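Both complexes below contain subunit A, partnered by subunit B and then by subunit C.
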Partner chain A sequence: MFLKEYISDIAGAVGSLLKGMRRTGWYFLHREEAITQQYPDNRDNMGLPERFRGEVVMPHNEQNEHRCTGCTACELACPNGTIKVVTKFEVNAEGKRKKAVDRFIYHLELCTMCNLCIEACPTDAIKMAQNFEHSVYDRSRLTKILNRPESRLQEGVE
Partner chain B sequence: MVEEIGTTEQGDLVINVGPQHPATHGVLHLVITLNGETVKKVEPHLGYIHRSIEKMCESLSYRQFIYATSRMDYLSSHINNHGCALAVEKALQIEVPERAQVIRVLMDELTRIASHVLWWGAMAMDIGAFTPFFHAFREREMINDIMEETCGARLTMNYMVPGGVMFDLHPNFHRRVKEFIRQFHKKLPEYDELVTGNAIFKARTRGVGVLSKEDAISYGCSGPTARASGVDCDIRKLYPYEVYGKLQFEQPLATEGDTYARYLVRMHEMRQSLSIVEQLIDNIPEGEFQAKTKAVLKPPKGEFYSRVETARGEFGVYIVSEGGTTPYRIKYRSPGFSNLSALDHAVRGQKIGDLVAIMGSFDLVIPDIDR
Partner chain C sequence: MWSFAQLADTIHEGLQASLPPAWALAAEMTIVGLSAIGLFAMLGLVLVLMERKVSAFMQIRIGPNRVGPAGLLQSFADTLKLLVKEGITPDGVDKFLFNAAPLVAMIAAMLLLAPIAFARDFQIWDLNIGVLYVSAVSSLNVIAILMAGWSSNNKYSLLGAMRSGAQIVSYELSAGLSVLTIVVLAGSLQVSEIVASQADGWWIFKGHVPALMAFVIFLIAATAETNRAPFDMAEAESELTAGFHTEYSGMKFALFFLAEYINVFIVCAIGATLFLGGWMPLHIGHWEAFNHAMDWIPSSLWFFGKTFFLIFVIMWFRWTFPRLRIDQLLDLEWRYLLPIGMVNILLVTLVAILGWHF
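Let's turn to the complex of A and B:
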């Protein structure tokens, strides 16, 4: 009785093994089922979706103008203190003092890509870029100033 | 803990598994007392991945704290966020639009499938079968791609906001989910062929790590772990939230309470989640995806509790509000912690080789246990 059970157990195990091996063989013969991506060789045609959150950027137009008014809504919305907006006062053509962004400091090393700053921005000045390869040799390089030097606020953005 | 290291009784051996051990799937530290090959006691030591999320959330506003719960049970991060959003909505009495509710439930179920698929691969790997791991990642990748396209991230989506969801569905969403349903229907029998019906797998899991119904209740187990012991504990059935009350789905139950029963319950749950996705994908109502809310959320003074069913069990969020912009106290009831407490009971008297199989069937996610 014991011997019979023992042998049937072994037979069952070998049967299961063969069943699994049949699957393996099937995949060996159907190479089109393989889904391996050859990263980083396929970097150019990876095609990340446009909503993918990689890092916060501030788009500038051809005249080196951005849409950031320096209202610090993003700074308040950020849960980690990733964003620090340093504002300054500019005197416009009519001689009025107006608040403007001096430096938009963004700490990529603290960012969790939660998208709350982009949701909070009233003028769509910042957006998420699809870049995800962030490794650098020096940590200080992850602290970025998003507004370019000599950039101004775009006309008509309040 | 010094006196516990070494032999406790004549012939007993105390060994440490973890915190850096491949079978614990994270930084879980188990102190195991062995008598020969038989496990006498398992003592989990926590604290290696404590990030003080509860305390951290208390300094954040009601919009901000939701993201942090993604870092607890990272495999069902969307469902965790859902629980938080529900609690905030309960406090502020926000009516969530029907479309947002359906989107939330759809994403919940996709997350649940992704989590269970990954568990299936990891469980088979714990037993010693390596191939299923790759098969599991193939299907999980499809869900991750869907998530990436609509939510903007693969794991820590932060797609929930109080009052709805952050963005509307991506135009490709419907097509890709349909594609996934077709693919998953084709691959589920393959899963069964590879692992469920495997004689070696059955021999390793049947009658191993039995948790009786009484023990499962008294240890506070929830989710598939408790349902495999016959405890009727699906929050989606017992306290339906969002549109779950209108859906047709079963709550898989088993009575054996062993490792194989826990395996079968999870396999069955995947099929049920798939059927929920099938029911909803063609019936997404039109309308708003987010209710209009104030810029600064200030719930009234009081205590609010909400619970959701994650892939591992009941996740509860308890908020005490003092009427300010930040919560006074937040407590999370995570399923992993209670499920882990039953591990000692299930493992006692078993062989050391079965410990990994039992632990795999509990589906522990360590950052969820130790938040």
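Let's turn to the complex of A and C:
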């Protein structure tokens, strides 16, 4: 009985070791599988993973309109105060005072790319971009205002 | 056909003719020593690059590819870096032992070159107990590691050296037993005779299952004896920083590093000699035409091809398997490899007595 267990132990161990060796051997023979990015050389056609997060951006359409209502949900969701939404009140066509975004201040130097602001946004106003070459000589240049000057809220976004 | 044996004979005759016998012998010894050192330097450069490339491919990376064409000069750059680095001797160490340990490691590795047959009739010293000599001298390596670990006056070094001692002493038994199976089959301890006995087929094919089992045990024990992953308890970066060479830097570290690769080469050369026929080309029984065709490939190519194949297998182990814990390591040896090796040697004796091998 003991001997049977002993031998099946060895057989199982050898089997699992060979399985591992088969995997690495396969990778050894299939060099096109290499995932290394030769970064500065392939700058133009880098294959970044889909979920890579580089920076929070606010997309604008051709009419210089964004989808941010200034609800500050992102500011509340942010764990370390990266986002500061300054709001203002606008009078719309019907003469009602309505809350709108004045300046969407984003501190890239504080951001941990946790994606919580994007998940919190009810109107999909902000997104994660994939650019990552953020180095600058002056730290203040990392503090960005995401809504462009003169931009307006897109029609129909509540 | 051009061969190493002819070259050696030409040099021997030339020196004998032009110098008195004693001086000729001294000159020959110098040449042998210089070639050994040259071989070591070449092996260091080639094997380090090979290890880095093999590991890169197995880990889906590209590996060194910036220095020289396809990164071929990478190990030259590494060597240059190590040469110009400062070799620090810390205050608390035992200076004599600390500085002597890398040299002992290198000398122990160098002594092992003597009985290895690199090509047909090309061997430094064909002594009649070649295999015994190899298993005796290969255990000198542990002395260098213990010296380094003890003299460093550092807990990591000491722990690494002690583990290495336990490991090498244990695995030497398995290595010895698997070497013995081939000695039983070949009926000789002399390296040249063991190679000659494989003229009609290598022992791994001729010796049936016992030879194959002995080969696997030898590979595992060789990996353990050279302190390479998955048996690199002596270094174990994640637990002991760098084990016995924690305090070493610059060229002294490089000597340890080189000694590791030389040892890998030598155990693989021994494995190739015992199980895969050394410089003997692939011969199958009495297929004369096939055997003649195989003889056209130079014997040195056969030897280095087999050795580098085994080195590749050992690198394959290293980049596939996770490191064993020290108790698992000793478990593997004393509960699995040693009993199997002992049963195996009984089997092989049976095979040899009854003449079941081809």
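FYI, the second predicted complex is superposed on the first by the 121 of 158 C-alpha atoms of A that agree within 3 Å, B and C clash if a C-alpha of one lies under 4 Å from a C-alpha of the other, contacts with A are read in each partner's own complex, and residues count from 1 in each chain.
Everything below uses one rule, namely that a residue touches a chain if its C-beta (ideal position, glycine included) is under 8 Å from a C-beta of that chain, and two chains touch if they have at least 3 such contacts.
Quantities reported herein were computed from a predicted structural model and do not represent experimental measurements.
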>> A:87 in the overlay: touching subunit B, subunit C, both, or neither? Say first, second, both or neither.
In response: neither
>> Going by the contact rule set out at the top, does A:128 touch subunit B (first), subunit C (second), both, or neither?
In response: first
> Which holds for A:35: it touches subunit B only (first), subunit C only (second), both, or neither?
Replying inline: both
> Touching A:72, do we find subunit B (first), subunit C (second), both, or neither?
Replying inline: neither
> When the two structures are overlaid on chain A, which partner does A:25 contact: first (subunit B), second (subunit C), both, or neither?
Replying inline: second
>> Between subunit C and subunit B, which one touches more residues of subunit A when both complexes sit on the common chain A?
In response: B
> Once the shared chain is lined up, is A:52 touching subunit B (first), subunit C (second), both, or neither of them?
Replying inline: first
> Which partner does A:112 contact after superposing on A: first (subunit B), second (subunit C), both, neither?
Replying inline: first
> Just subunit B (first), just subunit C (second), both, or neither: which does A:12 touch?
Replying inline: first
>> Just to be sure I follow: which residues of subunit A are touched by subunit B in one complex and then by subunit C in the other one?
In response: 17, 20, 23-24, 35
> Quick one: in the complex, what on subunit B touches subunit A?
Replying inline: 60, 63-65, 67-68, 129, 131, 138, 141, 148-153, 156, 158, 161, 166-167, 170, 190, 193-194, 197-201, 203
>> Quick check on the complex: what are the subunit A residues that touch subunit C?
In response: 10, 17, 20-21, 23-25, 27-28, 31, 33-36, 38
> Touching subunit A in the complex: which residues of subunit C?
Replying inline: 54, 57-62, 316-317, 319-321, 336, 340
>> Taking the touch rule as given, give the residues of subunit A at its contact with subunit B in the complex, in rising order.
In response: 9, 12-13, 15-17, 19-20, 23-24, 35, 48-49, 51-53, 77-79, 112-116, 119, 128
